[in-house]
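To keep things simple, chains are lettered A, B, C and D as they appear, and every chain counts its residues starting from 1.
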Amino acid sequence: MNAATYTGALELAAGAVLVSAVMTLWRRQVRTIVTMLSLQGISLAAVALILAAHEHDGALALTGLLVLIVKGVIVPGLLRRIARLDPRSRETTPLVNVPASLVFAAVLIVLSYVVSARVTSVAPSVATRMVPIGVATVLVGYFMLVTRRRAVSKVVGLILVDNGIALVTFLLTSGVPLIVELGSSLDVLLVVVVLQFLVINMGEQLRRSELDQMKELHD
Amino acid sequence: MTLLLVGLGFCLLGVLTSALPRTYRVPVTASCAALGCALAFCAAMRVLVTGDTVSFHTTLILPLNGFAMTLDPLGALFIVATALVGFASCVYCIGYVRGELQSRSAMGLFVAFILSLLAVPAASSIATLMLFWELMAVSSMLLIVVEHRHRREARDAALWYGVMTQLGAASILLGLLLLTLRGGGQTFTEIKSHADALSPIVRSSAFMLVLLGFASKAGAVPLHVWLPKAHPEAPSPVSAMMSSSMVAMGVYGIIRVGDDLLHGGTVWWWIAVVALGTLSALYGALHATTSTDIKRLLAYSTIDILGLVLIGVGAAGALRDTGHPAVAQLALMAALLLVVAHAGFKGALFLGAGAVERATGTRDLDQLGGLIHRMPVTTTIFALSACSIMAVPTLSGFSSEWLLLQGLLHGFTDASTPTLIALLVGIVALALTGGLTAVAFVKALGIGFLGQARTLGAVNATEVAPTMQIAMALLGAVSIVLGLVPGLVVPLINRAAQSGLSRSTMSPLARGTGLVLAQLRGAIQPAFLFVGAAAVLVAVWLINRRLVHRSARRVDAWGCGRDVQTARMQYTATSFGEPLQRVFADVLRPQSDVELTHVAESRYYEQSLKYQNQVSDAVEQFGYRPVIDAVLRGGKAARRIQNGSIHRYLAFGFVALLVVLVVLA
Amino acid sequence: MTSSFTATLAYSMPASALQIVLVALGGPLLLGLMAKIRARAEGRVGAPISQPLKDIRKLLSKERLHARHASVVLPLAPIVILAATAVAIGIAPLITTHPALGASADILVIVYLLLTGSVAGALAGLDTGTAFGGMGASRAMTIGALAEPALLVAVIALSIQAGTSNLPAIVSSTLAHPNWVSGPSRLLALVALVIVIIAETGRLPVDNPATHLELTMIHEAMILEYAGPELALVTLGGAMRLGLLFSLVANLFFPWGIGSNGSLVGLLVGVLALALKTSVIAVGVSLIEIHSAKLRLFRLPELLAGAFVMSVLAVITGLVTR
Amino acid sequence: MLCEITLVVPLLVGMLAAACPWHRWIGWTMAGSSATVLALGVALCLRTASKAPITALHGFLRADSLSSFMVVVIGVVSLLATLQTPRTMRQEMEAGITTRRYAGHYATLMQAFITCMLLAVLAANLGVLWVSIEATTIATTFLVSHRRTDRSLEASWKYLMLCSVGIALAFFGTVLVYFAELHVGGGHLQSASLDWTSVMASAHHLNPDVMRLALALLILGYGTKVGLVPMHSWLPDAHSQAPAPVSALMSGVLLSVAFYALLRFKAIADAALGPAFPRELFIVVGLASLVLAATMLIAQRDYKRMLAYSSIEHMGLLALGAAAGSPLAIAAVLLHILGHGVTKSVLFLSSGEIHHAAGTTEIAKVSGLLSRQPVLGGVFGFGLLALLGFPPFSLFVSEFTMARAEVDSGLWWVVALSLVCLAVIFGAIAMHGRQMLLGDAVTTNGPTATVRSVALPLITGLVFCAVIGISAWPLQSLLHDAARVVVR
C-alpha cells in the first residue's frame, strides 16, 4: 500500500466515523440511528485494518476484525432487537432540539481540534492528524448521551463515546494490548446486553422506557 | 507517670467491667474507676509537691502518630481537681444508679468519660490531646442521651452539645495544626520550640481558633448555648463531672496553648479572653437568677464562674509581659484556685441536685420545698456549697475571688490602656456577678430546701443512700479546706501557675495558712476570721440562751388575716427571680403570656387564668436559630440537585469534561 | 513577732471589742437620731433618741415564737447576721487604723460579710414558707444584688488610689495624702456610696422602715415572722449594719480623728470623732429621707444603676487622674 | 503462588455457585473463600513487607505492599459481607423477593465481583487494572438489580450508564498514558507495556501535556467509580437499592479499589508533572465531594442514601489526603480505606437488618431503635460514631493524620474547609441518628433480641476498627511500606 492510498483510505474511514456520529445526532428514527452506528463500527474496523496493513501489525488486524464483528454486527443487531421491542422508537423530543444539537456538535468538534493539538504534537503523523475526529466523536457521543431521552438513544451515545476512544486508540497508539481491547469491546457488548435485560424487565412490568419517568430515586 | 498510667489502666478496666452482669456491674465498675481516680490523684499530687515533670512516650499506641504524655504541674492541678470529683462521683454512683445509667454502655461510657478527663491534661502531643478530647466529647455526648427514652430534651441537648463540641474540636484541631506549619512536629515540645519562628499572623490566628474551641468547651458566651441544655440532662454524677471538670478542660487548653506553647503572644489575645470571660460571667449569673430548674441554674452558674476564671486567665496573660510578672502569676493562681474550688462546690451542688431529683423525682424548684426537714444531710451540704459559691467568707469561693480581685487590682499599676480597660471590666464583672450569684443561690436554697413542700414528691422525699451522702460530703469538705486554710494549697497552685507561665519566679504569696501577698499590701486570714466569727456567734448564742429560757412556741405565720396558708401561696422560684428578670428584660428577653378565659355568661367573671413565663436563651434565639434555620433550608433546597433525572446526572459529567478540556486546551 | 503579738493582745483586740460594742450601742442610737430628726421635721416631738435601744431590750424579754413550717434557719439567721456584722465591725478601721485582724480587713471581706448577713436574712424570710417572707427576700436580694457591686466598685476606686484593697491601709494612706480627699474620683465614689448605703440600710426612698403595708415592705416583709428576742437580734443586726456603713463612709472619706498611733488617747479621740462623723451623716441621710418619697420598686434599679455607673466612673476618673 | 491462589479461590467458589443450585452451604463457602482471601492477604503482606514485590503469571500479576494491603481490605470487608449472605438470601426468599435460581446468580456474581476487585489490585498492567474495574461494573449492575423492583432496575440502569461513560473516560486516559509511554524521549516509538513499574521507571520523561490531559480524564473516569463529585450521582441510588451485603462491598471496597487505581496513576503523574497539578485536581474533586455530601446530608430522608453520601464524603477525604501526597498522608489514606471499609460495611449490613425489621428506609419512619433492638441499634449507633471519626475507632486517627499531613504540605485552608464540612456532616448525621435511634419504642412488645450470627460479626468489625485505631502494631509498618510504593 503506497503512502497516498494509505492516507486517503485512512482519511476516508476516519471521516466516515465522524459523519456517522453527526448523522446519529441529526436523525430521530431509531432504525436509522442504529444503521448509522453499524456504519460507524464498520468504518472503525476499517481504520484498524488499514493501520494494520500499513504497519504489518497482526494484533491490530485481529483487533480490527473483533471490532468489525462486535461493533459492526452484533451490537447494532442487538439494538435493533431492542428497538423492535419498544413500539415507539422515535426520539420525539430530545432535551436539546436537533438544529441546536448540530450547532453544538460543531462547537465540540472545534474544541476537540484545539485539545488534540497538544497531544498530537508529540508525534505528528498521518494517523495522529485524525485524532481530533476521535475526540470529536467522543464529545458528540457524550452530548447525545446527555440530551437524548430514550434508552436506546442513550446507549447509542455511549457506543459513540466508546467508538471515539477506540478510534483515538488506533490512531495514537495503533491499538492497546489485545486484552485491553478485548475488555473494552466486551464492555460495550455487555452494556447492550444489560440494556436489553433491563428493557425487557421494565417492559414486562411497566411498558415504559421513557427515562424521564424514571425518577423514583432522588433526594 | 507510672502511677497515672496505672490509674488510667484501672479506668480502662472499669470500662471492661461494665460488661459484667447487673448485680456486680455498678459496684465493681465504680470501684475500679474510683481507684483509678485515687491513683491519678496521687500521681498528680506528687508532681505538684515535687515540681518534677514526668513524661511517657510510645509509638505502639495511636498508629502513624504515636502517643505522648507529660505530667507537669499545670496539668497535674487539673488532674487533681478532676480526680477529686471523679472519685466522689464514682462513690456517689454506687448509691445513685438505677434505671438508665445502670446499663452496660452507660456505665462503660461513664468510666471512659472519667478516663478521658484524667488524660486530657497529661496529653503532650496534638494527636494524644485530640484523642482524649474527642473521647471526652463522644462519651459525654452519649451520657447526655442516657435517658433518651423519656426525655425529648435530652435528645435535643445531646445534638446541640455534639455539634457545638465538634465545631469546637475542629477549631482546636485547625489551630493546633497551624502551629505545626512549615515542618513543625506535633508534640508539644516541638511546637514550643518551633512556634516562636512562626509569623505573628499564624500565631494569632492559631490562638484565636484554639481559643474559640476551648472557650466553647468552657461555656464562654456566646459559645455557651449547649451548656445549659446538656448539663441538666445528663445523669447527676455525669453533670458533676461535666460541670466541674470538663469545662475546666477548656480553661486548661487556653492556658496550655496561650501561655505555655505560645509563650504569651500579644496583649490582644488576652483581652479577648477577658472579654469572653466578662460576657460569660454576667450572662451566666443573670440567667442563673431566672432559672427555675435547679440543674439549669447550676449550669448557668457554671458559665458565670468559668467566666471569672477566664477573666483571671486573661488578666494573667495580659500582664505577663509587663513589669509585673508576679501579678500575672497572682491572677493565674487565682484562676486556678477558682477552678479547683469550683470543682469542689459545683460538684457537690450537682450531686446534691441529683440527690434531690432522686428523692423527689423533679428538678423544678417550683415543685420542691421543705427538704431541710426530710433530707437534712443533703440540705446541709448543698447549703454549704451554695454559701461557698456565693463567696461567703471562710469558704473556698471567697478565697479564690479575693485572690482574683487582688490580681486584677494590682495589675492597674502602670498597665497599658487596653489592659487597664480589660482589668477594669473584669473587676466590674466580678462585682456584678457577686450579687447576682447570691440571688440565684438564695433562690435555689430558699425555694428548694426551705419553706413548705409544694408537691407530693417533695413531701415524700427521704434522705438518699449513705454512699451518696459521703460523696457529697467529700466535695463539700473541699470548700471548707480551700476556704479556711487556702494557704496550704498555695504552694501547689503556685507550682501549677509557674509551669503554666513557664517561668520560675517567686511565689507572689507568703507562706502561711491564709493568703498573704508577699510584696504587695493585701491579706486575708480566713481561719482567724472564722475564729472571730465563731467567737461572736457563740457569744450571741449564749446571750440569747441566757436571756430567753423558754423554748419557742410554734404559731401560724401571718397571712393578712387569712386562716389557712397553703404551700401554694408561697413565693415561687419564678416570682423570686421576677424583679431581676424585669430589670434585665432587655438582655433576658422573657416571653410572658397571659391567657384569660371568660365565663360564657358574663365577661366580668373569668373562668380560668393562665400565665406563662419563659426565659429562653437570647443568644440561642437570635444568634444561632437563624443560622440553623438557614442551613436546614439550604439542605432542603439542595435536594433538587439530585432530582433523580439521569439526564442531569450525565450532564454533570459532560460539563465537567468540557470544563477540563477547555481549561487544559 | 512577740511585740506585734502583745500589741495585738493589748491594743488591737480591746480596740476591736470596743468598736463592736460602740456600734452595737451607737447603731440603734443613730436610728433613733434619724427618727427624731424626721419627727421634728414633721412637726412632732418624736420618741427619744434611745428608743430603738429600749425597743431591743423590751423585745429580748418577750416570748419566742416560730412560724409553723420554719426550720432551724429561722432562729439561726439572726445570730449569723449579728456575727457577720460584728466581725466586719471588729476588723474595720472605725476608731483605730490597727484593729484586730486588720490585715484581713479587706474591702471584699467586709462586703461579703455584709452579703452573708443579707443572705441569712433572705433565707430566713423564705424559711417561713409564706408569701410575704418570700416577697421580702426576693426584693431585698434584688436590691442587694444591685447595690453590692456599686459598693464594691466605689471602694475599689479608693483602693486603686491607695494600691491596696485593705481598708486600714486605705484609711492610713488617705491620712498621709490629704489632697486625695478632694479629688473628683472621691466625690463620685462618695455619691455612689451614699446611695448604696441608703439602699443597703433600707431607708427612704428605697424602703420605708416605718411602713405597715405588707405589699410595700421590703426588709420588714422579710422579717415579718420574727418576734421577741430574735426580732431584737435582727433589729440590732440591722442597726449595726447601718452603723458600720456610716462609719465606713465617714472614715474612708474623712479619716481624721481616727486613732492611728496605737495610743489610748488616740482611741478615745477616735470614738468621739466617729460619733461626730456618723451623726453628721445620719443627719444628712435623714434630710434626704425627709425630702423624698418612696420610689416604686421597679424604679429602684435606675437609682442603683446610677450609683453603679458613678462608682465605675469613680474608678475611671481615678485611673485617668492618677 | 500466593497471587494466583488469591484469585483462584474466589473464582472457584463462584464457579461452584454457578454450577450448583443455591443452598445455605454455598453461602458459608463464600464466607470461607473470603476468609481465605483475608488470610492470603495477610500472607502477602508478610511476604512483601519491606521486600521486593512478587510477580506471577509471567509478570501479569504483581503484588507489592500496596496491593497486599488492598487484598487485606478486600478480604476483611468481603468476609463481613459474605457472612451475612446466607441470612440475607433466606430473608429474601421468605419474603418472596428472590428465588433459589436468582440466589444462585447472586452468589456467582458476588464471587465474580470479589474476584474482579482482587484482580484489579493484583494486576501489574494498568490496562488489566482498567478491564477488571470495568468488569466490576458489569457484575454489580446485576447485583444492584437483584431484587428486580422498579426502583432497583432504575438504580442499576443509572449505575450502568453513568459508570460506563465514566469508565470509558478512564480508558481514554489510560490510552493517553500508553501513548505517552510509547513516545518517551522524542519521536521514535519505545516498547510500551502499560506495566505500572515500567511506566513509573520512565515517568519522568512522559510528555507533560499528554499526561495532564490523561490525569484529568483518569480522575473523571475512575472518579466515577470512586464516587467523586461531579461523577458521583449513581452512588446514592445504587447503594440504596442493592442488597445490604452488596452495598457493603461496593461502598466498603469497590470505591477504594477505584481509588487505589487513582493512587497508582497519581504516582505516575507526580513524577511526570510535579506534585502541583495533581494536587490541584485532587483538591478540587475532594472539596467538591465534601461540600456536596455535607449539603445533601442535611435534609436527607433515607438512611441508606445517608450512608451513601457519607461514602462520597469519605472518598472526598481520601482525595484530599492524596492531594497532600506525603508518605504520612498516603499511609493515613490507606488506614482510612481500611477503617472506612469495615465501618461502612458494618453500617450497611446493620441498615439491611433495620430495613428488614422496619420495612422502610425512610429515616422519619424509624424511631426508638435503641429501645426496640438494643444490640442492632447499638451497632448502628456506634457505627455512625465510628464513621464520624470519633476515637477509639480508626477513622479518627486516619482523619487526624490526613489533616496533619495536609497542613504539613501547606494546605491548611483545605483542612479548614474540610473541617467545616465535617462539622456540618456531623450535625446532619447526628440529627438523623437521633431520629432513628433515640426515643421510646412505639411497640409494646419490649426489646427484640438481635440474632447472634448477625450481631457477632458486626460487633467484631467495630471492635476491629477500634483496635486498629488505637494500637499501632502490626499495621503501622505495613502502612508505611504500602505508602512508600506510590510516594517516594
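Assume a residue touches a chain if its C-beta (ideal position, glycine included) is under 8 Å from a C-beta of that chain, and two chains touch if they have at least 3 such contacts.
Everything numeric here is computed off the predicted structure, so don't read it as measured data.
S.K.: Which two chains meet at the most C-beta pairs?
M.R.: That would be the chain pair B-C.
S.K.: Averaged over CA atoms, how far is the centre of chain B from the centre of chain C? Could you give it in whole Å?
M.R.: 35
S.K.: So how far apart, in whole Å, are chain C and chain D when each is placed at the average of its C-alpha atoms?
M.R.: The answer is 77 Å.
S.K.: Which integer distance in Å separates the CA centroid of chain A from that of chain B?
M.R.: Each chain reduced to its C-alpha mean, chain A and chain B end up 68 Å apart.
S.K.: Could you state the distance in Å from the CA-based centre of chain A to that of chain C?
M.R.: Chain centroid spacing, chain A to chain C, equals 99 Å.
S.K.: Of all the residues in chain B, which ones touch at least 2 other chains?
M.R.: 638-639, 641-642, 644, 646, 650, 653, 657, 661, 664
S.K.: Using the touch rule from the top of the page, what residues of chain D touch 2 or more other chains?
M.R.: Correct list: 157-158, 161, 165, 213, 236-237, 296, 299.
S.K.: Write out all the pairs of touching chains, ordered by chain label.
M.R.: Touch list across chains, by label: A-B, A-D, B-C, B-D.
S.K.: Using the touch definition up top, name the residues of chain B that touch chain C in the complex.
M.R.: Answer in residue numbers: 289, 369-370, 372-373, 387, 390-393, 398, 401-402, 405-406, 409-410, 412-413, 420, 424, 427-428, 431-432, 434-436, 438-439, 442-443, 445-447, 450-452, 514, 516, 520-526, 528-529, 532-533, 536-537, 540-541, 544, 547-548, 550-560, 565, 567, 569-572, 575-580, 582-583.
S.K.: Show me the residue ranges of chain D that touch chain B in the complex, using the header's touch definition.
M.R.: For this pair, the touching residues of chain D are 157-158, 161-162, 165-166, 169, 212-213, 216-217, 220, 224, 230-231, 233-234, 236-237, 292, 295-299, 328, 331-332, 335, 368, 370-371, 378, 385, 389-392, 394, 396-398, 400-401, 403-404, 407-408, 410, 412, 415-416, 419-420, 422-424, 426-428, 430-431, 434, 438-440, 468-473, 475-476, 479.
S.K.: Along chain A, where are the residues that touch chain D in the complex?
M.R.: 115, 118-119, 121-123, 138, 142, 145, 151, 154, 158, 161-162, 165, 168-169, 172-173, 176-177, 179-180, 182-184, 187, 190-191, 194-195, 198, 201-202, 205-206, 211, 214, 216-217, 219
S.K.: In the complex formed with chain A, which residues of chain B make contact?
M.R.: Checking each residue of chain B against chain A gives 638-639, 641-647, 650-651, 653-654, 657-658, 661-662, 664-665.
S.K.: Using the touch definition up top, name the residues of chain A that touch chain B in the complex.
M.R.: Residue positions touching the partner: 95, 111-112, 114-115, 118, 139, 142-143, 145-147, 149, 154, 211-212, 214-219.
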